[in-house]
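What follows is a structure written as structure tokens; I'll ask about it next.
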């Protein structure tokens, strides 16, 4: 059984290796191979899952140690896997959704000449992500952590000929690197504090560590939070996610909605022991979560680009999870639960969006959609189910998970509890609003794409999505996507409908994860009923407002100027501009001045010395005038000096 | 009188000779000044031999004279040949001893 | 010799006679040395140096270094200084270098170093304890005479150095020969060839004019006079011309001529203005030419056996000469 | 006595240099193959040495010692510890790739007639072999003076390699290129000579000091260490510090450490890519290696005394080099400044005085050698194709030469130390080692990894991605020979990134010895410390 864990990672890694080095001869079968290997690892996961269910709760954790990676005496980095319920959940999600998206991509990337490479990257991502969640120590986790970063870099920049894509990829990687500083510093702190960074060594000791050096543990917590912010696009490191939508839609679905961006949540939940020991860190976590969930929601409201709108929503949903994870044992389980359900419906939504774009010559501006429901029914239905799920429509999976989080927020207790709860509710309202907006602008209303204004952007930015390659530019003629694309959507739709309910049947999910994360019912000042009711109210409110704004009145095909807030939100609440002004510009000036200094000062000193020596020797040379008598003078002077010296010596 | 005065005189002559070497431009005069210096040395030697009561000083002075003679012979020959080649006996006209 | 004996032999004062002699001759020696350095003409330098050397010889004798004293006179004053004089003559007596300094700061540096060095030497001697001396008497007596003593040393203790100096002297002699010897490369041209060459060149086919023609002098340095009374440079040997030792007598020759005419005119009782004018003319010419020549050789006149020249034309021409030489000096 | 494998390892390339130089002018390919054969032979020998190195055994192994000049205590002492053997292996490993990459670099532009006795190709390869011999010897020498000799002698062939076979592609045109080239060569020479002379003074001072205390002065590392161990030798603090500074200055110039780094960008920028690799990946390593072997072992107290300053300088190098790399317009200079940053990491690790730091530093030397070689050589192929070094002249290469772009990316990712590639391990070790003793410096140094990502990705984006620039369309993809150069390096990067154990096992014991020399032990984990 244990060996299977290794294979779990190995399968997609193998795929990546073959596909990336295989050369052109693999072009025909490459995508199938990639998909097959993804499927293999899903099957393995399923087997392991079945096996795990077979065992009783206490002894479900599997571990397998492969080899020692970096042995330098105190510092022993192992390559070892640990498969417990938490990892299992992720493995299933990753391999499952991953496989679906592989299948989807077969259709979606059909006309891209570099499809083989695309699947290679996807496999690489699967391998890295699995490594991340299976690692039994932080160092190996870090490897996976950076691995997914690389995969996301490669996939965002997949259409490298688009400068925007290349820039977005670079940005994503850099911002993630900032987060990685957090993780690496955290590992160093762990090493210097505990002498190890393996989960099994660290977590038991955290308790007494927090007694002796509380500050360090809190510091570790903060560093892990920084890492999580980077990877999960939380404020203040969220800016990359929006741009990441430059990547192909399946990538957005898999990496930037379902799996990778949730790595932060995984990290925090995994490090639950540390956070439980560092309440200040937890406060920071919930704050970040709450801020991001509002922030993302607001951004989501303003975007006209359907993928960017969804990206905003992703941000805010992850905000929910982070907040929940920050709540401690009350929230961990629900964080993960929401993560899984979100994985389903958000992936579904993205795939739906992709399908819509597929039919609309890669148009992403929702203002140029409208009334598509009769042209692409399947997409409409699946997308609609995803929509209902995300706004937390009763009975769908989103309802259960999000509701639980809101309850947990209140259950935190005290004013903190109230604040968080309110934030969560507001978030829910806004979620309902912007998702309804997306829904209405895309599938309802009059067909704004009819008036010939074609989608595909100006020639200087050539069409990104290959789907457009076969559809003649001109008035788009919406059509349903091929089955290879619709089937995954349908499956995901099922997931987004039933997953939540399934998990909540006599709180199966809680029981499942409890042994790993622990669970405690907080003492909520408000009853579950009231919370649910409140949720329903704000939900209806949000939907209603959205319908009033976009359902009743026709949607202008050109974005109106909008209020100050709207304009700010369209620009990611100016946070991006802030980065640009402070970091990019500042950095440019700094480097330029440094280059100048290095040339003029550091190098100048040296060259100056050289020049002065040259000048000096020139002067001395003039002293060599060739006149015997002046030489004689110097001789006599020298003799005089010698005599004087001798006399002095004798005198002394 | 103390024979040391001879030494003072020798020192004085030597210095004068040296100054002459430095000041004069005519090679021949320069040479004469060199001779003067040599003679000053000789005087010192002789005086020393007197002070110490042995003749070694005189012997040295004797050798000095011989060497001086040889030197003068060669030196003057050089001067003559230089004068032939460049019609001047001024040491400043031969300033090729530089980079 | 052993310390007590030395002390016994040691005395601290010389005889008064020697003292007196020293104080007188030392002044002379220093004066000679200064003369060597400061005299403008190398001949004078040489002579004053010779003086110094003789004084030194006397000192040697006084100090009991009889052999050296004689050698000093014979070798130095006799041989070396004469050699110097030869060379001076060879290179040109009158090619005296002006004492004007050409190198910047050379003189100051020289003075500084010289004085400093002198002070140092004197200081060195002063703080050496030289209050007593033994004197050469005993040493001279030891071998029965100064010469024997020296010989004894030279051929025993210093024989090696002696041999070396011998070798050195030979080398020097050969060196001098090599340096001064000039190899004749081409065949000497015969008189015939020379005359042919002269005719080929076409200038000065006839022999050069002899010096002294019409000049009432026939010394080698008196140029012949041309019909207009000016001198003919060609009649004087080029060496003299080089040295500027041409003695110009054109003016007083013309004056004598004029005087003769005047006298004869008075005696005949007729006046001849034309001739006077003519004479004036010639005079003018003569003076102008003479000026040129005098200006040219003024330095020479003062430079060589100058007083002789001064006697010859101690008139206003000489004044010009003086000014001319002054200019020379200034140049 | 046993087979003198160390001498032979050094002798083979030396002989090879002579033989290669003797190849007649017309037979260029013959010269190339000869040189390559000799370098490969050296590699084999080095690997054999590494394989036969007994990790549990004595500190210095395969030692050879012969008295050279008795009166001056000069010995011909060779010997390698774990660090030395690894460095020798690295050198021997890189040279063949350098040669393959520079296969045609030195060929005369116009086809010269064979009877002309002008043969740059022979000279080029002979010089490379000569450098290899010198470097190997300086890694092996355990006599201070012997080391000094090779440390200096290595400059001469390098000088000619830089000045004589420089990069012909220069924005300023042919003669500007020549001027820059000679400037760079002279700068390189003067900098290193200055360092070397100061070191010479220090070496002599060391001799005098030992002579004063031991009676007979010696240059032998072993003797000095023994004497100190026996307590017979104890340098006066001030003396020790001065001598240490003398040594360290030379090594810091060679390494190069800020602010003595300015010769590196010129030298690497103006020389051809293979020579640049030779400079940064092989020659400069001698500096850092010598810090580890001589500074720490000979002057433990002074090293500890100087540590704070050196660490700060190292951190400055890291950040400064990275920032300047971001600001460069010239690919090669960018890589050069990146190297400055990396050398900062190495020195940081050495003077952190922890086993992680020093093992990491040693590993870093190896990994940096390989990764920079990969990146620089690919960059060289790119530059020689386009005939320009300016980043601005490239763009969209990925479209026309995907393999080239891919290898370039891998090299870049190695440079920014991505996990799974070799440099990550060493860099993290250095950081951990530093952090465990100097947390603040550790954190500042960690910022370096972001900057590294910045300059690498910016370089990649500007050159490889985006629409295809004019002048790039024609670029051909990597040829077989070039792949033969790059592929093994990348494979090695991957292998060492996943399984560095073979190297660390050899290095760790030696690092332990060095640490015991300076009487330092790793700080205990805070938790145990508290208890």
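The first chain written gets the first letter, and so on, giving A, B, C and D; residue counts start at 1 in each chain.
In the analysis below, a residue touches a chain if its C-beta (ideal position, glycine included) is under 8 Å from a C-beta of that chain, and two chains touch if they have at least 3 such contacts.
Each chain and its UniProt protein: A = NADH dehydrogenase subunit L; B = NADH-quinone oxidoreductase subunit K; C = NADH-quinone oxidoreductase subunit J; D = NADH dehydrogenase subunit M.
Since the model is a prediction, treat every value here as computed from it, not as a measurement.
Engineer: Quick check on this structure: which chain has its C-alpha centroid closest to the centroid of all protein C-alpha atoms?
Structural biologist: Checking distances from each chain centre to the full centroid gives D.
Engineer: What's the chain with its C-alpha centre farthest out from chain B?
Structural biologist: A
Engineer: Find the geometric centre of each of chain C and chain D (NADH dehydrogenase subunit M) from their Cα atoms only, then give the gap between the two centres in Å, rounded to an integer.
Structural biologist: A distance of 77 Å separates the two centres.
Engineer: Compute the distance, rounded to whole Å, between the mean C-alpha positions of chain A (NADH dehydrogenase subunit L) and chain D (NADH dehydrogenase subunit M).
Structural biologist: Roughly 37 Å separates the two chain centres.
Engineer: Just the number, please: Cα centre separation of chain B and chain C in whole Å.
Structural biologist: 18
Engineer: Centroid of chain B to centroid of chain D (NADH dehydrogenase subunit M), CA atoms only: how many Å?
Structural biologist: Centre separation, chain B to chain D (NADH dehydrogenase subunit M): 64 Å.
Engineer: Please output the residue numbers of chain D (NADH dehydrogenase subunit M) that touch at least 2 other chains, ranges allowed.
Structural biologist: Residues of chain D (NADH dehydrogenase subunit M) never touch two or more of the other chains.
Engineer: Where in chain C do residues touch at least two different other chains?
Structural biologist: 103, 106, 109-110, 113-114, 117, 121 - these are the residues of chain C that touch more than one other chain.
Engineer: Could you list the positions in chain B whose residues touch two or more of the other chains?
Structural biologist: Those would be 18, 22-23, 25, 92.
Engineer: Check the chains against each other and report every pair that touches.
Structural biologist: After working through each pair, the chains in contact turn out to be A-B, A-C, A-D, B-C.
Engineer: Show which residues of chain A (NADH dehydrogenase subunit L) lie in contact with chain D (NADH dehydrogenase subunit M) when the two form their complex.
Structural biologist: It is residues 20, 67-75, 139, 142-143, 145-147, 150, 153, 157, 160-163, 165-167, 169-170, 173-174, 177-178, 180-181, 184-185, 187-189, 191-196, 205, 208-209, 212-213, 216, 587, 590-592, 594-595, 598, 602-603, 606, 610 of chain A (NADH dehydrogenase subunit L) that touch chain D (NADH dehydrogenase subunit M).
Engineer: For chain B, which residues count as touching chain A (NADH dehydrogenase subunit L) in their complex?
Structural biologist: Touch list, chain B to chain A (NADH dehydrogenase subunit L): 18, 21-23, 25, 91-92, 94-99.
Engineer: Could you pull out which chain C residues touch chain A (NADH dehydrogenase subunit L) in their complex?
Structural biologist: Residues of chain C touching chain A (NADH dehydrogenase subunit L): 103, 106, 109-110, 113-114, 116-117, 120-121, 123-124, 127.
Engineer: Chain C touches which residues of chain B in the complex?
Structural biologist: Touch list, chain B to chain C: 1-9, 11-20, 22-26, 28-29, 31-33, 35-36, 39, 42-43, 46-47, 49-56, 58-59, 61-63, 65-74, 76-81, 83-84, 88-90, 92.
Engineer: If we count contacts the way the header does, which residues on chain C are in touch with chain B in the complex?
Structural biologist: Per the stated touch rule, the residues are 1, 6, 9, 12-14, 16, 18-19, 22-23, 26, 29-30, 33-34, 36-37, 42, 45-46, 49, 52-53, 56, 59-60, 63-65, 67-68, 71-72, 75-76, 79-80, 83-84, 87-88, 90-91, 95-97, 99, 101-103, 106-107, 109-111, 113-115, 117-118, 121-122, 125, 130-131, 133-136, 138-140, 146, 149-150, 153-154, 157-158, 161-162, 165, 168-169, 171-173, 175-177, 179-180, 182.
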